[in-house]
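Take a look at the structures below.
Heads up, the next two complexes both have chain A, just with different partners, chain B and then chain C.
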Partner chain A sequence: MTSIINILVNGLILGGIYALTSVGLSMQYGVARIFNIAHGEFIMVGAFITWMLYTSFGINPLLCLVVAGPVLFILGFIVHRYLFKTLKDKTPVPTAFEGNSMLLAFGILFIIQSLGIYLWGTQIKGYSFMAYSIYLGGIRFSANRMLILFFAVFLCVLFYLFLTRTRPGKAIRAAAQDPEAASLMGVDINKMLALCFALGAMMAGFAGVLLSMAYQLQTNMGLPYTIIAIIVVVLGGLGSIPGSMLGGFILGIIGSIVNTIDPGLTLAAYYLLFMILLLVRPSGILGR
Partner chain B sequence: MNWKTIKYNRYLYPALYILIIVLFIAIPYITAPYTIILLSSIFMYISLTLSWTLFSGPTGYTSLATAAFFGLGLYMAGILGDSVPLIVAVICGGLISFILAFIIGAITLRLRGIYFTIFTFGLVELIKHLMLWWEINIVGVRGRFVPRADNATVFYILLAILAALLLTTYFLKSSRYGMALSSIGSNEEAAIHIGINVVNLKIITFASSAFFIGLTGTIMATRWSYIDPYIAFDPFYSFLPPLMAIFGGLGNLFGPLLGAAVFSYLQETLITRFPYSYMLIFGLIMVITILYLPNGLIGLYQTIRQRFIGGKHADTSS
Partner chain C sequence: MLEVNTLNVSYGNVQVLWDVCLKVDEGEIVALVGANGAGKTTLLNAIAGLVKPASGSVTFLGEDITGYSSNAIVERGIAYLPEGGRLFPDMSVLENLEMGAYLKNSWNKRNERLEKVYEIFPLLKERRKQLAKTLSGGERQMLAMGRSLMSGPKLGMFDELSYGMAPKLVMEAFKMLETLRDNGITVFLIEQNVKQSLEIADRAYVLENGEIVSGGSCNALLESDHVRKAYLGL
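Presenting the complex of A and B:
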């Protein structure tokens, strides 16, 4: 019984991170039609900012959320404003834009990663923060991971509320549904798309901050997280934010179960699930 | 004047082709070993890019499965090793990729657009992780050694693969199958309605492109001499072919060829000259290519030429 709870809790913690990493990607694709392969690099930058601030200045990693979030937001805004917007103006055909934007994102991945190597080197980095255990009902949990889970859920819910309850959130959703009609209603589409990309980068930054509390960091850590985010996004339905959250938790629990059977097969199980899903229901669990 | 040009082309082009072939065959005898190795790498990228373009160019289905077929070819060389002649191993590598692509094509080519792309991307990772698991748990060792072949042999086999690929691309392009393929790219529904067997055509073309990728993989393994799943199924090899093709220009047969040649030469020299900033430069080239050279080098050439000749015409008409 305790082992089942353990698997479940581990799955939820993993799922929280997966959900947080995928929400941003899902929105970038769902609204801006950018399949951002460089998503994981934004996570990496967020994680390393936290590492730097914590090890050099002793700043609490939770405070880094306030630093890394805006930094990544601005970075995302600039990337969209100067690169993806230019591409969008040059490729009016939507399908061509999707393909080319993926390749452009791959180039951005290289640039950010190599700049990261200049700044932070290639060694594995890490720090310990709240690395003690807490006992709940006789089961041992590590404190920092519980904190990660809490903040991941909190940030996801906050993001969802932003999208559904606020005016800019509504404008973003309108832009996703019908860009032309939205622009006729007075929504500045280009601003919305940039905002949306920037918010996605910010969510990635948050995920990076949280990750760095309990996991090892390396400048090439981005791509694996991107790949998992892609799986989660497809699982939940491309462009569906609640779908990504749900998909994140489902994938986390599956990962945790497979991990107890054979750790070497976790990633293979993800891909298998992912490919079967693409064949059976490409629109995902909550997709339209 | 027209008549003159025709006559000129009729003698010049075949002579030019023969000269190029003779030159390439003579290369291992007349140049330094480094040139052969460099040329082999360039040929590898050209083959991968042309194979990718064979299917993805006309149909518009962006495949990211190149690394899967390439890696399968590499592994074929590792598994067969010295037990069969090299040429047999190479053909086996091509065939296994053909078979896998055939199966994958049969189940996935119903997927359109981004879903097909994501699926092929996932395929590479799935094979990589299954292979890793298999090597660690069943074989007990990660990676394997491949018996080396000498540089000249590798060069000639790559040259032969490239020649076969060029001929295939050329004949496909001028045949009715090539037309049918591009009709899929422009409008798949319309292609179905005018009676093209879209599914079969896509599967066969996809599998043929994988065949050439597999051939290339097997022969390259003998040059690298050590492979493991991370090397063999590196997603890098999936992203390079579309990039090189776009860099050269997708609309023309020579576009991808030129793109791959220039790009891979740049890459090889960048790695040796600037090992540390190589990735940064590479990323910048990628971004600039996609943003500012949408029709590739060929497009750039045509624009310049148009401007030059166009200017002349404007003068005479006025």
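Presenting the complex of A and C:
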């Protein structure tokens, strides 16, 4: 019984991180039609900013959310403004843009990763923060992981409320459904696309901050997270934000179960699920 | 109010509009009629800023708005209802209406405007929580009209309001245009449904192969041999 609860809780923690990493990617694809292969690099940057601030200056990792968030928002904004926006102006055909944007994102991936290696090296990094156990109903949980779960859910809910309750959030959803009609409502599409991309990078940054509290970091950690995020986004339905959240938790629980059998099989299980999904229900759980 | 001067629009090498001139005065209902493919939608797209004209000008309330972006044009007070309504299918009726008031100035007034739209279309109030994609064809058109009112426009441009609607609903849709005019909104509509639009409008223009071939009061057009032969089958 205890072990089942542990597997579930570990799955939820993993799922929280997966959900957080995927909502941004899902939105970037759903609205801006950018398949951002470099998404995981923004996670890596968020994680290393936190590691640096904590180990060098002793700044509380939770406070790093307020630092890494805006930094990645600005980085995302610049990347969109100077790279993807320029690409979009040069490739007016939407399908060609989707393909070219992926190639461009590949380049960004390598550049950010190389800069990361230059700054932080290639060794595995980590720090210990709230590394003690708490007992709930006689079951032992590690405090930092529970904190991660709490903040992951909190940030996902906040993001969802932003999209459904606020003026810019509604404009983002409208632009995803019909960009031309949205511009007839007075929405500045270019501004909205940049905002979307920047927000996606910010969510990735948040994920990086949180996972650095309990998991090991390495400058090449980005790509595996990108791949997981892609699986989650397809699982939940391309462009569906609630789908990505649900997909994240489903994948996290599957990962946690497989992990108890053999950790080496986790990625294989993800891929297997991904392939079955592509063949059986390519539109995803909540996809249209 | 709206003046279009020698407007030329091309898609690549194909010229679609040739020296189009027309004007719409405040308080009027003006129709632009013509066959499918005559260039009617292109003209509205050019006025609304979705297509950049090759030459010529569009003036609105004395301001040259040629080549402005579509959001800048909405801001000036032109609402454009594109063919088929172009609703946001996965948003609720209420959210679609709110999007109509997206501009900063309108957003603050969205609740009063909402009340006004609900007054004109009470059905929308009942359906406010429903997703737009679950509405019937007539309800969608109603929502699209309501949404275009939310920006508080001075001029409303309507593309094929009657498209795909049952004949009874077409009459209702046209009656709504009169309601709009009574609410202080100037109406510019484009239609394939020549007879009914000439009956409701004050003035009309006839567009053929990208050129304005005639224009004037609707009564005069209804009597003209060319219009009777080409569009009314008389």
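Convention: the second predicted complex is superposed on the first by the 288 of 288 C-alpha atoms of A that agree within 3 Å, B and C clash if a C-alpha of one lies under 4 Å from a C-alpha of the other, contacts with A are read in each partner's own complex, and residues count from 1 in each chain.
As a convention for this text, a contact is a pair of C-beta atoms (placed from the backbone, for glycine too) under 8 Å apart; a residue touches a chain by one contact, two chains touch by 3 or more.
Keep in mind it's a predicted model, so treat the numbers as computed, not measured.
Partners chain B and chain C, once the complexes are superposed on chain A, both fit on it without clashing.
Residue by residue along chain A, chain B and chain C are tallied for touches, and B comes out ahead.
Legend: residue contacts after superposition of the two complexes on their common chain; A:157 is shown touching neither chain B nor chain C. In the superposition on chain A, A:279 makes contact with chain B only, not with chain C. Once the two complexes are overlaid on the shared chain, A:111 sits against chain B while remaining clear of chain C.
By the document's definition of touching, of the two partners only chain C reaches A:182; chain B does not.
Within the superposed three-chain model, A:87 lies in touch with chain B and out of touch with chain C [touch as defined at top].
In the overlay built on the shared chain, the residue A:119 is in contact with neither chain B nor chain C. By the touch criterion stated above, A:173 is placed in contact with chain C alone, chain B being left untouched. The three-chain arrangement built by superposing both structures on chain A places chain B and chain C 90° apart around the Cα centre of chain A, to the nearest 10. The overlay of the two complexes leaves chain B and chain C separated by a minimum Cα distance of 19 Å. Of all residues in chain A, only 35, 83, 86-87, 90-91, 95, 98-100, 102-104, 106-111, 113-115, 117, 223, 227, 230-231, 234, 238, 262, 264-265, 267-268, 271-272, 274-275, 278-279, 282 touch chain B in the complex they form.
Taken in their complex, chain B has these residues touching chain A: 60, 62, 107-108, 111, 113-115, 117-119, 121-123, 125-126, 129-130, 132-133, 136-137, 235, 239, 242-243, 246, 277, 279-280, 282-287, 290-291, 294. Of all residues in chain A, those touching chain C in their complex are 167, 170-171, 173-174, 177-178, 180-189, 288. Residues 48, 50, 69-71, 74-75, 79-80, 82, 86-91, 95, 98-100, 102-103, 106-107, 147, 151 of chain C touch chain A in their complex.
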